[in-house]
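Each of the two complexes below includes chain A, the first together with chain B, the second together with chain C.
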Partner chain A sequence: MCFIMYLIFILFCLKDWVAVASNPSPYFAAFGWLVSCCSMGWWGFWLGHGGPFLSLVLFLIYLGGMLVVFAYSAALAAEPYPEAWGSWPVVVHMVVYMVGVVLAFVVFGGVWYESSWVSVDELGEFSVFRGDAGGVALMYSSGGWMLIISGWVLLLTLFVVLELTRGLSRGALRAV
Partner chain B sequence: MTPSHFAFTSAFMLGLTGLALHRYHLLSALLCLEGMMLSLFIALSLWTLQLDSTCFSASPMLLLAFSACEASAGLALLVATARTHGTDHLQSLNLLQC
Partner chain C sequence: MNPYVLITLLFGLGLGTTITFTSSHWLLAWMGLEINTLAIIPLMTQHHHPRAVEATTKYFLTQATAAAMLLFASTTNAWLTGQWEIQQMTHPFPTTMIILALALKVGLAPMHSWLPEVLQGLSLTTGLILSTWQKLAPFALLLQIQPADPFILITLGLTSTLVGGWGGLNQTQLRKILAYSSIAHLGWMMLILQFSPTITLLTLITYLLMTTSTFLVFKLNKATNIATLAISWTKTPALTSLTPLILLSLGGLPPLTGFMPKWLILQELTKQDLSTLATLTALTALLSLFFYLRLSYAMALTLSPNNATGTTPWRLSSTQSNLPLALSTTTSILLLPLAPAAMALFTP
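Coming up: the complex of A and B.
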């Protein structure tokens, strides 16, 4: 299990951030961000730490909402010659970031041993109700005020977005 | 620094350097910002899971709600920039007159 966690962590977790950060065209950056959201690496990471509900929420709610919005907005950032991860400047940036991650791994990874994964379950049994699902349910009882505040913030953001993009004589966008 | 902490810390640093350096498009800068928020989500959920403090596991949810606010405001700025400048290159945002 520890070896699997190391493998997941090295191979799958960080390559997606490198793919986003290495400045490809926004189509491909959005695709890399999508992969980093739903990549098997973080799923294995969360499942290994015993929190399946958080990764499920991230996948269903956050990725489902944000993917539509970012894929729609990629049309505004279109360019005639898009650069994927195969073109040279992006390759140079990817190599630089990969070397940075590997150097940090060499610096910090020397003192790791098997009990560094002390909180990783061995997945001896499958259980539906884990602690994180119960903890999220607290948001509806004793954390109710925070739920109301965040709902209020989301409603406020709706009006912020409407004012930013309205573009007549009032609001933030008066040139159009 | 355990491997879990190394994972989300280096993810955060990758997003931060990608946001700070050599961006062409506003949209890819926003994507790097989203990656940073995602690594913060991972950090908060690891806090919950490693310390077995399940009462804390509502906070990654609230962080996701606030990062949805941040993403929507950033994308609204992207739409506004595309309407005034016709493009979203960060170079053209330095112009004093459209």
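Coming up: the complex of A and C.
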């Protein structure tokens, strides 16, 4: 099972990371990143190791952020003749990166052999709660203050972003 | 900026530092540092100007890199040792990485080059916040780490004192000189950190007082380069005669406050059988002393000719509040006789 999950992880994630890194047009790079986020969050780490709830949370949050990035890069970087993964320079990059990734995995990957985290469901018979649901409960009970501070910081970040991106005379390149 | 937003941001600055001060868990400490960075960014672009935006961008990128490195190091620490306690750093790898991340955060050489650039783009008030309040949280973390190998802290410290002295030599811009002065002083603090955290704390506090009064003097004179300092005698004659004392206190000359930390550090280094290191550090302080002396010379030891109307701005009363300047100047000149009391105060 572990081996299969690693295989899926490598096939999906690394392919998509290479798809981002191989210098296509920003539009397609953002699209590749979107797909890689899906495969990473959904397939790669948590679901394969028995943590479907955390996987779902990671997936939703990451997907939301990446959709915004995708929308902005699609709006800002639309080109008449975009370079997709079919054009030659991009293909050359992709092949070189894929070979690099495989070589790196062969050289350094030995240490990772059959090492994975304890699956969350494996503890089911010894524990009242599932691992991930128990973690969420802990976050709301003993980590309550930390959660409140995190919420406050999100609000603060909103004000920070609003202050930095006020329109009209507040552009970054023009002295007023 | 809307006053409510300003208050919220200042509260965020306070909250971040407080969280880092009170945390014993690496994740909360990291959160505090991030809150600090986030809250100061709109304050840095408050006086809207391309230089300020550039400085803010540089600051944000540097601090985000340092914070990411800190988070990576603390998760690695949790992975290797199974706990998140700040004071239980036993594994050398995450410890070294955390020291380097915090060094990047406060601007220690060789990770210093962002600091002069950033400080030069900011107004003097924001620069004051940046070089005083923003140093507190990283130093609270640094004080709690005891690395197994003395090499890294000594390298950081000696490089910083050298680069801080050397880099400031050819500058004419006051904010860059203050940035290099900050690098040199932080280098002294890092040198003594593993031998006596008490002296580090004492050095930090005295440095904060001295640099506060220097920033406030420059702010009162509206001076950002050496040439502007030359006419400060027409604006505030009494302060002009006191400012060389503040500057030489930063340089560490004997009857002034700034001599206290350098004296104690050199004494402690000699006690630890590191007299070569102590000599080298004392020699690098001479480099810093040179540019403090040059500032003093341009400001108070020479009198540039001026026309009759240009010599009387001191008759106009200033609208700026002088109380913080008076307090910090007094303490940054006269505190040396209280050295034993100060040491006792900072001994845990």
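Brief remarks on what is shown
In this text, the second predicted complex is superposed on the first by the 128 of 176 C-alpha atoms of A that agree within 3 Å, B and C clash if a C-alpha of one lies under 4 Å from a C-alpha of the other, contacts with A are read in each partner's own complex, and residues count from 1 in each chain.
Following the convention adopted for this analysis, a residue touches a chain if its C-beta (ideal position, glycine included) is under 8 Å from a C-beta of that chain, and two chains touch if they have at least 3 such contacts.
Since we're looking at a predicted model, the values are computed, not measured.
When the two complexes are overlaid on their common chain A, residue A:V57 makes contact with chain B while staying clear of chain C.
Applying the stated contact rule after C-alpha superposition, one finds that A:M146 touches each of chain B and chain C.
Legend: residue contacts after superposition of the two complexes on their common chain; A:Y97 is shown touching chain B, with no touch to chain C.
Touching more residues of chain A than its counterpart among chain B and chain C is B.
Applying the stated contact rule after C-alpha superposition, one finds that A:V20 touches chain B and leaves chain C untouched. Once the two complexes are overlaid on the shared chain, A:V160 sits against chain B and chain C alike.
Put simply, chain A uses residues 146, 150, 153, 156-157, 160, 164, 172-173, 175-176 to touch chain B in one complex and chain C in the other. Residues 146, 149-150, 152-153, 156-157, 159-160, 163-164, 169-170, 172-176 of chain A touch chain C in their complex. In the complex of the two chains, the chain A residues touching chain B come out as 5-6, 9, 13-14, 17-18, 20-26, 29-30, 32-33, 36-37, 42, 45-46, 49-51, 54, 57-58, 61-62, 65-66, 69-70, 73-74, 76-77, 93, 97, 101, 104-105, 108-109, 112, 116-119, 131-132, 134-136, 138-139, 143, 146, 150, 153-154, 156-158, 160-161, 164-165, 167, 172-173, 175-176. The part of chain B that touches chain A in the complex is made up of residues 1-4, 6-7, 10-11, 13-15, 17-19, 22-28, 31-32, 34-35, 38-39, 41-42, 45-46, 48-50, 52, 54-58, 60-62, 64-69, 71-73, 75-80, 82-84, 88, 98.
Chain C contributes residues 1, 5, 8-9, 12, 15, 19, 28, 31, 34-35, 38-39, 41-42, 45, 48-50, 53 to its touches with chain A in the complex.
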